[in-house]
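A, B, C and D are the chain letters, set down in written order, and residue numbers restart from 1 in every chain.
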Amino acid sequence: MEKPLDFPRAWELLGKDLFARFVGVELLEIGPGRARTRLVVEERHRNGVGIIHGGAIFTLADIAFAAAANSHGRTAVALNASVSFVTASRGAVLLAEAVETSRGRRTATYHVEVRDDLGEKVALFQGLAYIKERTTLKEGRNDEE
Amino acid sequence: MEKPLDFPRAWELLGKDLFARFVGVELLEIGPGRARTRLVVEERHRNGVGIIHGGAIFTLADIAFAAAANSHGRTAVALNASVSFVTASRGAVLLAEAVETSRGRRTATYHVEVRDDLGEKVALFQGLAYIKERTTLKEGRNDEE
Amino acid sequence: MEKPLDFPRAWELLGKDLFARFVGVELLEIGPGRARTRLVVEERHRNGVGIIHGGAIFTLADIAFAAAANSHGRTAVALNASVSFVTASRGAVLLAEAVETSRGRRTATYHVEVRDDLGEKVALFQGLAYIKERTTLKEGRNDEE
Amino acid sequence: MEKPLDFPRAWELLGKDLFARFVGVELLEIGPGRARTRLVVEERHRNGVGIIHGGAIFTLADIAFAAAANSHGRTAVALNASVSFVTASRGAVLLAEAVETSRGRRTATYHVEVRDDLGEKVALFQGLAYIKERTTLKEGRNDEE
């Protein structure tokens, strides 16, 4: 695991993420343009047919995306995400790994893979972030708008 | 509100959705090819910059999508979803409305709009579902695969 | 059909669109936040299995999206598009209709439906545009970046 | 370059792709679950602001996706694609590289990167394909539907 001090802004951002804590998503690692998250699957994460909810899988991937997008120290907010659900996992743990696929002055893109502890790919996620001018923690998603 | 008896399978499916209950997403209405959901925003739904988490917004939209996709009585599972986040909502309640935009023998598509109680559009969601042959509640996402 | 003078910038932009002309996409109409385009299907638009190419369908939808996004007079450029292909059309003509689903200061979203002359839905498209500060015709996609 | 005989069905499919030929997209290479395509940029590929048209970029990526998806010998058809446009390229040549990110019994996903000859990333593409039971060249996109 990277030391939190290496990417202080991203760790602080995720440390204050109440929904991540509520759902149970853990941030394992942040690197330059990348991050990994984990979810230990519980009954509360399941949908009406007993499989892991798309919303829980998205949340896990989205948090890896957010950590990677904020790893460079400037605030980045999600503009768009596209997710393909490829397997109904029977695993007990899900892991997401986000990798930066492009970074310009105003936008950056991330590819996130979600796997389970059985080695199955569960979902593929492509995220597009907007990079803000300012970097305080107080600002909202598109509040420059 | 539609009476639950009108769309028994979709109501049953959503009634068993543990993640929906955990996050606090309520199913307001199911019609043929459409559905509406609601989320009363609480602190636990916020992210590290204090705005409503993308994962919570996605979950709200995804559940409207699932209810609409299952409204015809055959099991439909999410293959893909694309979401654009357009406003950092300052509202206290989010509402999602899903409308069927196409339905073939094997796939169907849904357009979901998420608004808040201030009248702002918060997110736009496009969902693609796979329609299964069988319709029991016991089956998983892609278990035909 | 709207008179070109009503939306001069968007008509000018599309009038200079060499790829639209090359592929054969016609701009039928521009309104505030909306546009319609048409493609008369020819052999050159088909793929290796003899159906209309996804690239041709995307191009038709993308041009409706671009016209709608530029209808307000400020330059808008595509950041993201998600397209679901729902029917292998047997039609002779494809029509795309773009409708604005949100518009903020910096981003706007559009829902585009592609149908054929047999009344079948062919594709659904969700586009996200970035609205630029400046509005000359000389600027490129993300050249603020 | 792979010898065409190594992936005969995918090469045959792309050899018959009239839109690819019309637009000028060349298939450079097919491997197991991957493919590369190229477009030499001409004036006809530009849009109304003089940059490479999103429809041309999509078409280039889509053909790499199609070749990779059909590399295993079974017919695969596009269900969904999401594309993020990240740079207004000033290059003379675009290259797309598709890599398989998952493959199940019925669906498979592909990540496609589009770069130019200046080394800039131009677009990121995520494709979802449906794998058909039958494999003749005569069938259409979703004609099982």
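Some observations on this one:
Here is the rule we use: contacts are C-beta pairs under 8 Å (C-beta built on N, C-alpha and C of every residue); 3 or more make two chains touch, one makes a residue touch a chain.
Because the structure is a prediction, the values reported are computed rather than measured.
A count of C-beta contacts for the chain pairs A-B and A-D puts A-B on top.
Chain geometry summary: the mean Cα position of subunit A and that of subunit B are 20 Å apart.
One simple way to say how far apart two chains are is to compare their mean CA positions; for subunit A and subunit C this gives 31 Å.
Subunit A and subunit D have Cα centroids lying 28 Å from one another. Residue positions 79-80, 82, 84, 86-87, 104, 107, 128, 142, 145 of subunit C each touch two or more of the other chains. Taken as a graph of touching chains, this assembly is complete, with every chain in contact with every other. Those residues of subunit A lying in contact with subunit B across their complex are 12-23, 43-51, 53-56, 58-59, 62-63, 66, 75, 77-88, 137-143, 145. Taken together, the subunit A residues at the contact with subunit D in this complex read 80, 82, 84, 86-87, 101-102, 104, 107, 109, 111, 113, 121, 124, 126, 128. Contact residues on subunit B toward subunit D in their complex (touch as defined above): 79-80, 82, 104-107, 128, 130, 142, 144-145.
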